Structures are given as structure tokens and as C-alpha cells.
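Look for subunit A in each of the two complexes below; its partner is subunit B in the first and subunit C in the second.
Coming up: the complex of A and B.
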């Protein structure tokens, strides 16, 4: 019985996920095609301007840009289901190849950033909650608020100014020095500043959430009971309070994935780091439809998936929420 | 130790129980409010402080460090940063407030509609917001911008407002769902009160305090969004001066090591954002003051 309800729950989530992805793809498709701008320019560059109307007509026909929107969409969908995403207008290469070239860079930056954020925000949150309203907590809170107010791009600029221009310690752009792609140390040196920005600009937001959740937990009655039983503060905080906030911590972290991703996109453009962010930016500016579609789907699917994961985590790990979410229609008119 | 001391412990201690340590009442953020007021006033009346035209490119005086005739220096195109700060701040603040107005209006309408709607419609609307949330903002912004033509402050404000209402709508929806079954709302509906009547008289006064914090944060977010977009070159163009478009010169400034082009607009930006955050946090803290059991 229990298993069946569980399976139904996940099936429902899966269906919602599939539906969301479908609507998302249709929306992105329509948006990107309706946006003014000449896709031929991104394909042929300057030459597109010099084409005769007949030539234009023929090229549009050949690239399938003439058909009505829904026909184009169905065509695209058929290809996509077979794994053919078309070619990038700008790079004249299979879109998946273009993306595969850059994906590892973004995964490296975002992945390490996420893990650091995952660990550091919890540590910082616990540290602050432990010393609630003490001098340490107050200093960290102040510093954190200031840090969270600095826009990502400006923090990047500041770091470049200090560490690359003035001190000349670290490289300011790219993922590796040309010709030294395999050098791990060189890559690490290029990663330091982008990582600092990715983690730094999000850290306090999450640490503060965790701090507040913990403080809320500390105000629960069971903490009073535990103290009356004679438990130490450490045992209460790590053994009981942290367990109490675990569901919200996990779902918070699931929701943080899209934020970190958005952050990496901005950071990538400032540091000219060859990742998905710079690619998205380029393809949006140059109307590289096929690439843009796949990138948007990739981003969108990640966002939808992480949001759902957050929901599932908080609903399944924490039985309290399930009960609250049950439809309550008391004295509805 | 005298005998009296030694035996004082035995028996009932004649001591008042120590009063629980009082939490310091959270102070109003006077400093932040003052600084913010100063910046806002400066942006409104900044033109009176300097005779220089912020858009004038003085090619004889490009890239000058701060001091003398130019208190904040000049940028790589020879414009006076001091006067640019004030007129650019006006644009940045305008975008912050205008786009928050747009997003708050959408959020209130959408959130309360979704909250009052029957279950299936509510689910549909919420799913829609989730999908909207998952479309990369960059794409929507580029799309809307190309619809609006040449970027202008009002256009950017609209674009940012249209893309940043979802989280506030969710909060309002939750609040409204809790309120909709309360007796006074039911009574108002029984007496034939329309949607907007109930929204204005019964719902809005109840959720306004819970979204105040989000409204302030929304202004902050809009200013950040504008500066980021302008910096990346898809927001305001260089000749429309805002703090963001001033910073889009910083790549060039980095090469010539003119730190002031990068530092001064950024400091104003961060100071404004910080003041707003402090004000927002003070608003939020007022709601929540209980004692720790630890």
C-alpha cells in the first residue's frame, strides 16, 4: 500500500516534469524565433547583407526558416527526439559538439563552487547560530551583508583589478594558458578568482538562511526539554537541531543549484571563461537559434529538476510538510 | 571566610532570580536611512553641485585621476565622473523603483488571483510561474528588448519588472490561501464583494507587511540587474548614463589601470544596495523577536 502511493507520487512528479519541459521547449522555441534579428547574419556574417532576395529565399528554405512556426517546431522536436539538435549557425558545427566542448569547463566551475557553497554555508550558519548575537556573530553578519550586496560582476572586476592588474598574481581570463590545456596547476590558477566570486556572492544568502532556521529551531520546546535533561549545547545543536533543519537545508541546496548556475554564467562572461555562460550570451546576441534552444533547454531542465528535487526532498524527508500540504477546505463558501 | 558566609548557602537563598538577559531591541537603521537619503537627494539635485555636463566628452582631459577640477576624475572618454555619478544614479534609482512598481503590481494581481482561484486553476497558474522561472532570464531580456527597440531606462525597467515578480507572487499566494477562509473574507464574498474589493479591503492590508521586505529587496535586485545588463552590453548603451553603463567602461579602464573609473561608480552602487538591504532587514526583524531556548 505504502509502496503504491509512493510510486504514484513519483509518477505524478515525473509527468509534471515532462509536461514542464515540453511547455518550456515550445515557449523557448517561439520566443527565440519571434525575436527580431537576422539569423542569416549569424550564419553567413557580412555576406548575408549582400545576398539578393532570391538567394535569401533559397537559403532560408534550405535552413528551414521559411516554414510556419508550428511546422518548424514539430520538425525540431522530431530531430531532438532522435538526438539531432541541428548545427550551430555561428560555429558551423553540430550544436552538441559545440556544447560538449564547453560543458566540462562550466561543470568544473559550477560543481566545485556548489560543493564549497554546500559545506561553507552550513559551517558558517552553525557558527553564527552558536554565537547568536555575540561579537563573532555580529561581525560575520555585517561582513556577510556587505558581501551579499556586491554585484557579481563588480566583485569580479575588483578582484581582477587587485590580483591581476595591480599584483599580477593570477590570470584574469580564460580557462587555461594557451598550449597548456592539460596542466592541472595552470587550470587551478585560472579557476581561483571565478570560484571566489561564485562562492562569495551566494555564500551569505544561504548561510544566513541556515542561521535563521537554526535559531528558529533553538526556540522550539524540545530544546528546553533537552536542556532540562542535562544535554550539552553541542549535543543539542549537532544531534537534534541540525537534524530538525536537515530537510529545509537539503531543499535549500537543491534550489541553490540554478542560482549558482546563473552566477557562473555572469562570472564566465566577465572572466571570458569558455563555458556555457559565454556561449549562451553569444548565441542570444547573434541569434544562433539551434545552440540557444539546447542551452535554454539545458538550463531550464536543470532549474525545473532542482526545484522539483527541492520539493520532493522537503515533502518526503519531512513528513510534517506532507500533512500541511493536504487539501484543507474548511468552511469554504 | 567568615562562618556567616559558609552557612549562607544553606537554606533559601535570599536572591532575586536574575532577569532573563534582554535582547537588544533591533535599532532602526538610522545610518543607512541617512546615507540613502543623501544619495537620493544628491541624484535629484546633483545638477546644482556641478556646472559640468555629464555627457560632454572632454577629449583634452581623458582618464584623469581624481583631484583638482574633476573631484572623481574623468573616464576613458573624457567625461566628468562626479557629475555622471549623480545623473547616472537618477537613472539607476528610477529603474529600481519603476521596475519594482511593475513587478509588485503583477505579483499582487497574479498572487491573489492564484490564491483565490479554485484548486485546478491555482495549480495551473503556479506551474506556469515555475516554467517562466526556468526560462533563462537572459533570453527573456534579449527578446523583450528587441521588441521594445532601442534600450531606454523605461524599457529596461519594464523588462526587469516583467521578469522579476514570481517569488513575490508565490508569497502572496500562500498568504491569500491562508486568508481566504477567514470569516471576514467569506462574509464579504457572501455579501457580493467583487475580487478587487476583497483584494483592496481585506487581503492587501494583511499581506502588505509580509511583502514589504520583498519589495525593498526587489528594488535592490532591479538595480543590480540593470547594472549587470548594462555592464554586459545588453542593457543601456554607453551614452545613456547609469551606474551600470558607467561600469561597462571598466574593461578599458582595467587596461589603462584607471581604478577610479571602476571603483567610484561601484562604491556608490554597493553603498546604495547595502543601505536598502539594511532597511529591508530592519523591516523584517520587527516581525520576529522571540527568545532562544539554548
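Coming up: the complex of A and C.
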């Protein structure tokens, strides 16, 4: 019985997920093709401009770009379902290979950024809540409001100006110095500034959310009973309030994945960091349709998945929104 | 009997953006060992704030001033939060109004009771804690404690949650229990059960109890002594018999006449007290009750009456008790004690 309702629940989620991805793919497909520009430039470079109309016609036909939009989409969909995502116009290579080459760079930047955000925002949030309305709390909240309003690209440029141009401490672009791809330290040096931007521009917002959640929790009625039974502030905050906000924290962090990802993409572009962000930007700019589709889907799937994950997580952790009513296994006192 | 609790001249002030609120004004009272004192009054009269001020559970915006708060020989006034933490639960404890929100929703009941057991006795072995939790759950009348200990608050009814809260409050065998409207949020049938439980536990453990309530019916069931509060002050205090059978303050008369049970008995319509309690932001001059009081004297608008003696245990703050006051025929009271 419990299994069946659980399965139905996940099936429903899965269906919603599939539908969202389908709608997303159709929308991106249509939008990318409606955008003005010449996809042949991406494939042939400058030669495309010197082509005769007949030549153009033939190449368009060959690349399958002449058919009506819906036919193209159905063709693309058929290929996609077989796992053939087409070739990149720009790199003349299987799209998946092009992406696989860049993916580790983005995973490294985004992954470290996310973990840092995950840990630091909680620490900072707890710290602020602990010293509520104290000088530290005020400074962090004010500075955070200002910092989170600074656009990422501008912050990146500013940091490049200070640390790369003026002080010459850190490299301004790329993922590693050419010829030293395996050097961990060199990679780390290239990661510092992008990480600072990715984490720095989102940290405050999440720390502030966690602080407020925690303070709200600390004003809950049950805290009075905890205090009445003689518990110290530390025991209340770490033993109860943090537990109470865990669902919101986890879903907040799941939702932050797309944010971090978006931030990573922008930062990659500014720092010419060879990751998915730069690739997405290029493929959109040069009408590299197949690459763009895969990248958008990849990003979209991550976003949708993380949002759903946030929801499922909060349901699992909070006993009140847990679906089964039967007492769950917990170690008895 | 020696006094367990002695509160001397306690005042609580809230500084809000709108101004200064005097929630409790110069309140003194005492409580004997094993006694149940009921504090009654309308909402906002400061009865709940009074308890929380003694337990030091008010938010930071509250300023508590007291000459002394002696609890079992310990002066609570001016103690640091650290010291209060050590005393809370052990010396005194508290049960709150709304059992729906009083428990941590994320932990099973057993764990929450166990925490209250271990907080003042960290070295207690696991088995002993477990035994104590089951014992407490049994004490507050929770059947099948083994099973219930593993359940979460949301799986409990209101009555069962209030029982759990009682078990938590009683975990470290406090000398004094504050019960802040413990039955207000419950169904009427459950109210009676919880009250009986309160009385039962109080008799068994000999815990002194301060019961806050706005319901005189509830109070009549359990209280040894009654203190009536109005606008932050105690306006009448005495044994339950004195206050119920021979009330002297016009406000107490009003409360009694507003009791449905009494009105039905006397075959008259309910007579509510006219008007609203004054806002404590800008209390009127003189007696704050004067404008709602049909027996108000001219002096009531000028000067607040002090507590005047009726008997050694019975005091009331009304000018009607002054020898110079005109004779009136009270609507209630004067009934010889049963």
C-alpha cells in the first residue's frame, strides 16, 4: 500500500519532469531558429558570405535547415530519442564530444562554488542569527545587500582590474596556463577569482535567508518550552532550531544550484574560462543550433531536477510533510 | 507552611516604537509549598507576562524590575541567563497555552521528554533515562508509552500534546510549575481531563502551581488561592473560597456575573462587563477600571486604590473598602463560607 502510493508519487513527479523538458526543448528549438542570423556562418565561417544562392540552398538542404520548423523539430526529436544529438556546426564534431571536453571545467568551478556556498551560507547565517542585531549581524546584512546587487560581470571586471592588471597576483583568464594543464596549483590559481565571484554574489542572499529562517524558528512557541525545561541557547539553536530549518535549508540549497550555475556561466564568459557557459554563449551567438539545444536542455534539466529535488528533500526531512502517517523508525530515547 | 515563592514589587515594562507599555505594575504575591495559586483576568491584563517575567522567558524588549523574587530561598532577580538555565526545569518549569505549537515538530515525543530529563542530569545512563521517560509518560496518563514515545507531535491530539508538555515540564521534578492557560486551546471535554491531571499530579508530587487562566470555572476546579489581575495589577487576592463566595472588588463581581453557569443558576441573562480594558500604552489617571465600574466613586478617577485588607488572606484594591466609602449593596458575595 505504502509502496504503491510512493511509486505513484514518484511517477507523477517523473511525468511532470518529462513534460517540462519537452516544453523546454520545443521552446528553445523555436526561439533559436527565430533569432536573426546565419547558421551557415557558424559552419563555413566567412566563406558563407561568398556563397551563391544555389550553393546556400544546397547546404541548407544538406544541414536540414530548409524544412519547416515543426518538421525540423520532429527530426531533431527522433534523433535525440536515439541519443544522436547531431554535430556542432562550429566544431564539426559530435555535440556530445564537444560538451564532454568542457564539462569537467564547469563541474570543477560550479561544484566547488556550490559546496562553498552550501557551507559558508549556513555558517554565516547561523553566525548572524546568533548575534542578532549585533554589529557583526548588521555589517554582514548591509554589506550583503549591497554586494548581492552588484552584477556578476561587473564584479568580475573589477576583480580582474585589481588583482590581475594592477597587482598582477592572479591570472585573468583561462582554466590553466598553456602547457601546465595537469598542475593543480596553477588550476587553483585560475579558479580563485571566478570562485570569489560565483560564491560572493550569492552567499549573502542565502546567508540572509538562513539567518531569517533561523530567527523565525527561534521565535517559535516550542522554543519557550525548550527554554522552560532549562536548555541553553546553544542546545536550542543547534539541537532544535537548525533541525527545524533543515528542510528549508536543503530546498534552498537545491534551488541555489541553478543560481550558481547561471553565475558560473556568466563568470566563465568574462574570465574566458573554457566551460559550458562560454560554450553556450558561443553557440547562441553563432547559431550552433545542435550544441545550443543540448546545452540548454542540460541546464534546464539540472534546474528542473534541482527544484524537484528541493521539494522531495523537504518532504523527506520534515516529518509533518512526510507522506506515510505510520511512525517511522527512529531510535527510541 | 513556609512560602515557596515570594514575589516582591515586580514590574514589567515593554519599550515599543509606539511608547512604553506597563504590562505588570508593582505586583507582590506569595505561594506556599504545595499550593495552587490561580491568576485570573481578561486577555492582556498581564497575567501571562507575570509568569514569564518570573521565569525570565520574556523577549529582550521587556524590562523586568523587582525588589526580589525568592523561589525556594533563591533570589531569581538579577540572575544571569546562564544561571537561569540551570534553574529552569529543575526549580521551576512551565506549561504553555497552545500545545499544538509548544513541541518541536521535528523530534519524536520520547526524545523531547528525554532531553528534559538529561538536561539537568547529564550522566544518567541511557536505560535510566528511558525508564524515567516511560515513568513520566505514565504519570501524565499516556497509555502505551513505549509506542507513543516514538511518535511525532503532529500525530497526537491536542490533549495528548498537552500531556506530553506536562511530562516535559515535570521531567526534572520542579518545585514550582507555571501553567499558562494550559486548557484554553483544548476542547471542553479535554479541558476537564487536563485540569484533573494537573490537580492529580500536583497532589502526587506536591508541586506548587501557578495557574494562569481567564476562565473562573477552570480556576474554581483546582485553585487553593486566587489572584485577580486587571491592567497589570493584582486587584483582589484571597483563598478560593473568599474570592468565590465573598468577592469584594467590583471587577471580580463583573467576572462572576459574566459566568454562564452562574447566570443560568440564578435565572438571569448574562451580564458582561461593559467596555474594554484600557490600553496599557496610556493608562488613564486613577483606577484603570473606573470607567467600566458602575460602583466607581469620584476618587477612583483621581487616585488608584491600594490593596486593602478584608482578612489576613483576603485583600482587594477598591475604595469601596475604605471606611469613608458609601454603603452599597454588592450584587454578589457576602455569602458566608461553606
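Everything that follows uses one rule, which is that the second predicted complex is superposed on the first by the 317 of 333 C-alpha atoms of A that agree within 3 Å, B and C clash if a C-alpha of one lies under 4 Å from a C-alpha of the other, contacts with A are read in each partner's own complex, and residues count from 1 in each chain.
Simple rule for what comes next: a residue touches a chain if its C-beta (ideal position, glycine included) is under 8 Å from a C-beta of that chain, and two chains touch if they have at least 3 such contacts.
These figures come from a predicted structure and were not determined experimentally.
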item: Partner chain(s) touched by A:220 [first = subunit B, second = subunit C, both, neither]; value: both
item: Touching partner for A:169 - first (subunit B), second (subunit C), both, neither; value: neither
item: Subunit B or subunit C, by number of subunit A residues touched; value: B
item: Contacts of A:148 with subunit B and subunit C, given as first, second, both or neither; value: first
item: Which superposed partner A:303 touches (first subunit B, second subunit C, both, neither); value: first
item: Subunit B versus subunit C as contact partner of A:10, first or second or both or neither; value: neither
item: Which of subunit B and subunit C A:269 touches, first, second, both or neither; value: first
item: Which of subunit B and subunit C A:230 touches, first, second, both or neither; value: second
item: Contacts of A:244 with subunit B and subunit C, given as first, second, both or neither; value: second
item: Those residues of subunit A which subunit B touches in one complex and subunit C touches in the other; value: 220-221, 224, 227, 233, 327, 330, 332-333
item: Interface residues, subunit B side, partner subunit A - complex; value: 23-24, 119, 127, 130-131, 133-140, 142-143, 146-147, 181, 186, 189-190, 220, 224, 227-228, 231-232, 234, 247, 250, 254, 257, 259, 262-263, 266, 269-270, 273-274, 277-278, 281, 290-294
item: Sites on subunit A touched by subunit B in the complex; value: 16, 19-20, 23-24, 27-28, 31-32, 34-37, 132-133, 145-146, 148-154, 157-158, 160-161, 165-166, 172, 215, 218-221, 223-224, 227, 233, 236-237, 258, 262, 265-266, 269, 280-281, 284-285, 292, 295-296, 299-301, 303-304, 307, 327, 329-333
item: Subunit C partner contacts - residues on subunit A that touch it in the complex; value: 220-222, 224-233, 235, 239-240, 243-244, 246, 318-320, 325, 327, 330, 332-333
item: Residue numbers on subunit C that touch subunit A, as the complex places them; value: 55, 57, 81-82, 85-90, 93-94, 96, 98, 101-108, 110-111, 113-116, 119-120, 129-130, 133, 146-147, 149-152, 154-155, 165, 168-169, 171-172, 178
